[in-house]
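One chain, subunit A, appears in both complexes that follow, with subunit B as partner in the first and subunit C in the second.
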Partner chain A sequence: MSTVTSSPQPLDPPITSELIAKHGLTPDEFERIKKILGRAPNFTELGIFSVMWSEHCSYKNSRKELKKFPTSGPNILVRAGEENAGVVDIGDGWAVAFKIESHNHPSAIEPFQGAATGVGGIIRDIFTMGARPEFLLNSLRFGPITGEGKNVTANRRLFTGVIAGIAHYGNCIGVPTIGGEIYFDESFEGNPLVNVFCLGVLQHEQLARGAARGVGNPVFYVGAETGRDGLAGAAFASRELTEESREDRPAVQVGDPFKEKLLLEACLELLATDAVAGIQDMGAAGLTCSTCETASRGGTGVEIDLAKVPKRETGMTPYETLLSESQERMLIIAHRGKEDVVRRIFDKWDVPCAEIGRVTDDGMMRVLNNGSIAAEIPAKPLADEAPLYSREARKPTTDYTDEDLLREISASSAKSVVESLRRLLRDPSIASKNWVYRQYDHMVRTGTVVRPGSDAAVFHLRAANKFLAATTDCNSLYCRLDPREGGRIAVAEAARNLTCSGAVPLAVTDNLNFGNPYKPENFWQLREAVEGLAEACRAFATPVIGGNVSLYNESPAGVVDPTPTVAMVGLIEREEWITTQFFKAAGDVVILLGDFGDEMGGTHFLKVIHGRKAGRPPRLDFERELALQKALRELIQAGQVQSAHDCSEGGLAVALAEACFHPAGLLGAEIDLSGAGGLRLDQILFNESQSRVVISTVPTSADGVMGLLKERGVPAQRLGRVGGDALAITVGEEKLRWPIREIFDDWFHSIGAIVRES
Partner chain B sequence: MKFAVIQFPGSNCDQDCLAALRGLSGVEAEYVWHKETSLRGWDAIVLPGGFSYGDYLRCGAIARFSPIMRAVMDEARSGKLVIGVCNGFQILCEAGLLPGALVRNRSLHFVCDMVTTRVEAADSPFTRGMPVGTLLRLPVAHGEGCYYADAATLRELNERQQVLLRYCDEKGCVTPTANPNGSVENIAGICNRERNVFGLMPHPDRACEERLGSSDGARIFESMLRSLATDRAAA
Partner chain C sequence: MKVKVIVTPKETVLDPQGAAVREAMQHLGFTAARDVRIGRYLEIEVEGDAAAQEPKLRELCHDLLSNPVIEDYRLEMPNEKS
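And now, the complex of A and B:
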């Protein structure tokens, strides 16, 4: 072994096998490190490798799977993995950058700050690209909040804490939270899923790159001072949550949306000049990650001096400074000679700014500390050559068929299905989320054209004068029962939601939330779900432009239901095509696109009414789904569609009820489902067969709509008319009736009432 | 007419205000940075919403000491039109240009929603051309928008018809359920005694286009324009 060129710092502990294990590195990985360095690492370098090669930063257990995603397309300007976020062309010289990212582990330990810093992190990822952040979505999952007991109390605390954290950060920084999804299930007890999405807009020529280009260019540190908060958070996020995780609370960072607002404005102002050669946010693994990644991307080296880094605490060691995950910081590589431009703009915004180093030509990440070398590592192997693993995969042994289930569960009477729909509408996963989104500023930036509560949020990008639809979707229960089909359906449902709002789907960012990959059943789920997502993304021509993998989502109670969250963005070419899910006028004709369906496996009805998370989830047929979406867009573009709402959790009955709940005034409907024939009442109302959309159309258009659907080979059923003060459904002899005001109240006030009673 | 939109660090509705104003005919609108010290040459001043200085102390309490605020106070005293929206309203109260205070919402939660407000006085430069009882649909988005003033101040506000907007239901009735934040007497917006300084929690800047669900906010800015035009004609 060669000599150690970098000096050990005083008080550094000796490198022992225990210390290596404590850093989450295997003996093989340690050998690899020694080979890269040509010597043993010192303590600081061990810490650097530990975070860079953590699951969170290196995707070492998932990267081989992620390669299965389609990542290119005619509109894709920046592909997955190239930069902090992917970028998609939306025409006329404009583009959007978007990405979803998880903050599950921090939120489990400290829900408010965990969720808040998740929002801060994803916003930085977007403005790092030179894009102005326009809106946020979030996809959240918690343990049940209904009922009583210690766990329910804890779940409510996590739920309300996460909501408050998102509201705190998003509202203050002035980026509206305009949609998303929230589900509640036992599997998320103790390990909530907090996935946050941000989208920003930019002109093509504004695109910024996270590369350290130009040897000799100065490297600036801008933003908040570095403290000891969030030490090695990336490594913390790459472990299972245990009873002792609470002790890791120092690994959770504290967010300051005000500082980030200033940083955001200063960075965008600077990026509008010609002073910047590269820019990279300091997120997971902070200063370490940003320096070695920019160097690696630029094919250069970077040398920084820690003595010049603004700090808010004294006596910080190189290890602490490099591994801190203090928030609201960026690394900027300026063009030589433009230093004053950088300083002037950050001075204007009162944001700390320090020149801490320069770009070099030797490919090394070299960290100086008061003249001595604290770390010296080849940047490329550190950033890009983490070991990649393919773990053992094993299919779990659970198998149910629908038939068995239906035999086990007696058919519902007319009276009981009436009550079942009310219970489903009150169920927090289906109930209105107004208690949540009223706490989010969802109107700032004056672009929110369709506010939270419809199938997809619709946003007007003022600068570009473009209309976008965005949604997040995943049915974790389907994924638990059949991860591949669940993955396919997540993509299909997202595309269907966008189509219902009048959009053509453009691209996807995904967040894979799974358990410990070293357990073969978990890895099997991951692999299956990825293959399902990949198939579907190819089918819908929606490439994956980036995303995030969160593994180790396990609490002492067990692993989470696998959740490959799909966030999809679509473009609405013309404003008049914007469509919402709500019935618009009495007399309009209600039509079901698709069949009545019959699949009961994995339904919300079985889960909520019968307490069964079982069965074979519905099957998705790409050809049928594509034909349906194409025909629906054609109808919308021809001005034939008053409302469009997809059937998802709770089936046709829930979709019909939700279509009645127009925020500006409730409307009933008279529906006849006798055509479904031969099936059980509960099966007709609550099955979750795919590729179904409820639309309404003005009476004079109804025949034309049915005719066009027939021509396009899309099955369609005329269900009835909008009107009256009840949702009235006839099935043969059975006449079911729900007064609209009563079921609206069930649905609208459910979550607020649950939270208030605690 | 030239509108100055003040940018404090942490303002986040400055861009919305600028876009809303520039969407009206006859308006020139520009940002004025909080470190500036003069507002000479502007016809009207807008303090936008947001979280000035993070609002980590009381809302508006630090912004009130920004260099630009001395100029705002001077211009307000000289009779120039000043409108403060949301955080801008909070700053105007902290600066003593408007009476009373804005405290934490009664629900203790941030509230973002479309609300209905009723015009309570038509003889201000901000409500000109809107008869008493006119209903305006406007968005609110705030955590500390509960207006509070002591009994003597309230009496004076009512006697001098300084309350310009109250929260009401869709029929125009001022009811407790129509009050989104617990403001005393459903007060949504007030002006000063001289009627040239107006503060309100709802966002007219977010209601200047039908696609956003309401264009009623534009009526407030248009009222300001008419008042300025009248003054100019008289001068």
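And now, the complex of A and C:
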């Protein structure tokens, strides 16, 4: 059989060098394809190689870098790259599967459906593992939405469209969106970042694998019918967005969350039986990717017949059927003799189900169409042997000015700090995201314990009776100025956020958003950031269990600020350790863990107040950070901490203000920062030095807390007390005062007002 | 004069609403329903010479009344019948 060459389909165009280039394949890659096949590919096969060897599926430009991540640990059950998502043990026979994935390019073209199908895709990745999806997070970046002009209008359209799309899919399918982050910056104009995260829970023995095992086993296609939507979207996501991208518009897929809900329930019911040998979702590159990957993982071959694939449209060619990215579809390899079990369950849930092929022993991915062979490719080389590149890396000339920066900012800056804090709190990147998360059903299925708005979201996995904290973090500005330090800080901040919530960090999934890797400066950023993330993941003992790479994030306006988004999950052993960032009671003592700090480079203050994206971002000291987090967890576990909030964008002043904004009732604070001595006022309030957390404690515990911190070698400063109707900060002679209601309104209503204005 | 605009999902784009209605029809025994596509129909009263307004109307169809990424529109001027 394998000696038969695949026959060209009647309407196939001839294979020319233009056609090869149009498929994003280089002449060298084409030669490699010919070597693998022992002949020239036909049109369908060219399409298959094109998507499988795109950056989106093969990570050909990033895989060598990804190998630098630590990926193993005592509690890691499924490691990065083995399956659709990594799986981590959380004790008592339970485990969680989680992953983050980007849908940047589809969202740039059609924000609502692009974001919606992103959510649908990541949910499928999770239930493919046999896990029930429990909650979603998302990490988003848009161009500026404040001000006037065509670009601002376009940015608002993308912002509101993406939020509506996420809300639509998540709310309809009934999985709560409980947290995440949103930033606004010029560099994301025309190329927003939409990174969606999903976590699911399963018992160890429920773990499902995406391998085609058992020669002769039947291969089932389940889920929605295949249409021409999203044709070759993976290849699309592996190019820069240009003006012409608008003409690529048929690439947009439309999601159907109600269909996916049925698919989810049907798959989980089927996985609970012993009928399934392997399961794989059809995401990017659809039928092609799921077929050759399952065969490659199983060390087998797969033969499918396209005539049996349920189709929505008539006259679809093999090329179109194989490369379609229709949503809500899965490939299931059943055990022979269990066909009826599969049919009965999918029939019950009203989900289309068709036996389209079988597992073979010849290692080939063979695609039949009405009796003729449409494509025949060795599965393993196709899935796993894409060329790997190490691109040229060049350090860009930096615009460091360091200490000069402070001199450049006029001294009057220090005099207007009262207004500066208000402007920072109104800045959409810092302001409350309630306008966004009110659109999300963040309470459905009632597992959400700490709602959006605190350092990390906390969720009760009722089935397992476990409490998890989850967060996404990345400061793209730090990464632009120093990608290695930015990467280290992203991991440290995620761990700090989890620690503030009372959790012990478990593991990481990352989403690397960068520009075109063929540009040496972009590749240098990627390499530096990955190495920074890897160092930090080792330091915090949080292995990377999977993730996603999105390159070519560029628009005519330029490349995005490098954004290696870190999503981290932690476990809170006991319910009473759950801690939020908000002050709880008047009279409580406010303590700063860490030093007053002095680093101004890359701060939000410089960006928002002085329009400067410059300087050397703050340095991170792992030892210091680890000691701080360890001591904070110890204090939380001893019941000594009323609230804990980490200092990030906007520095200590913003952290203090946010701690005052308890959703159940605002509380002021009287703070004395005279101890910072010698520094300029704006520097004391807004520097972003790392490893700092603001906590509050009941008055009787304060001495004990200070004593323990001293013993543990963690610097700590007693700042003042909770209470009053203002945030009052004294620095020596200087007395600053912000009525709490006023700054709360600045912060809480900012984004809603901006969106309503338009 | 009355101008009509019909907006439909593009042929290659999935229409979940239409699919749901088709399935409901089949459940009710109308198994002949092979495909259902659901769009929008607008009637616009235009003052004066509608033909002169056609370029502006087309612009509105493209920028406001339809989402050209996933929808097609058909503008029917009063004197034409398709």
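Rule of thumb we're sticking to: the second predicted complex is superposed on the first by the 748 of 758 C-alpha atoms of A that agree within 3 Å, B and C clash if a C-alpha of one lies under 4 Å from a C-alpha of the other, contacts with A are read in each partner's own complex, and residues count from 1 in each chain.
The definition used in the following text is that contacts are C-beta pairs under 8 Å (C-beta built on N, C-alpha and C of every residue); 3 or more make two chains touch, one makes a residue touch a chain.
Quantities reported herein were computed from a predicted structural model and do not represent experimental measurements.
Aligning the shared subunit A places subunit B and subunit C next to each other free of steric conflict.
Of the two partner chains placed by superposition, A:I122 touches none, neither subunit B nor subunit C. Using CA centres, the angle subtended at subunit A by subunit B and subunit C is 60 degrees, rounded to a multiple of 10.
By the touch criterion defined above, A:K261 lies against subunit B but remains apart from subunit C after alignment on the C-alpha atoms of chain A. Taking subunit A as the reference chain, the count of touched residues is higher for B when subunit B and subunit C are set side by side. When the two structures are aligned on the shared chain, A:A167 is found in touch with subunit B, with no touch to subunit C. In the overlay built on the shared chain, the residue A:D229 is in contact with subunit C alone; subunit B does not reach it.
Once chain A of one complex is fitted onto chain A of the other, the partner contacts of A:L199 are absent, as it touches neither subunit B nor subunit C. Touch criterion not met for A:A383: it reaches neither subunit B nor subunit C. By the touch criterion defined above, A:I90 reaches neither subunit B nor subunit C.
When the shared chain is aligned, subunit B comes close enough to touch A:Y440, but subunit C does not. Legend: residue contacts after superposition of the two complexes on their common chain; A:Q253 is shown touching subunit C, with no touch to subunit B.
Between subunit B and subunit C the least C-alpha distance in the superposed model amounts to 5 Å.
Residues 256, 258-259, 350 of subunit A contact both subunit B in one complex and subunit C in the other. Against subunit B, the residues of subunit A that register as touching in their complex are 167, 171-174, 256-259, 261-262, 348-350, 437-446, 448-449, 451, 460, 462, 575.
By the touch criterion given at the top, residues 109-110, 113, 224, 227-229, 249-250, 252-256, 258-259, 312-313, 326-327, 350 of subunit A touch subunit C in their complex.
Interface residues of subunit C facing subunit A in the complex, by the touch rule stated above, are 9-16, 19-20, 23, 67-70. Here subunit B touches subunit A in the complex through residues 9-10, 12-13, 15-16, 19-20, 33, 49-51, 53-56, 109-113, 139, 141, 143, 203, 205-206, 208-209, 211-213, going by the rule given at the top.
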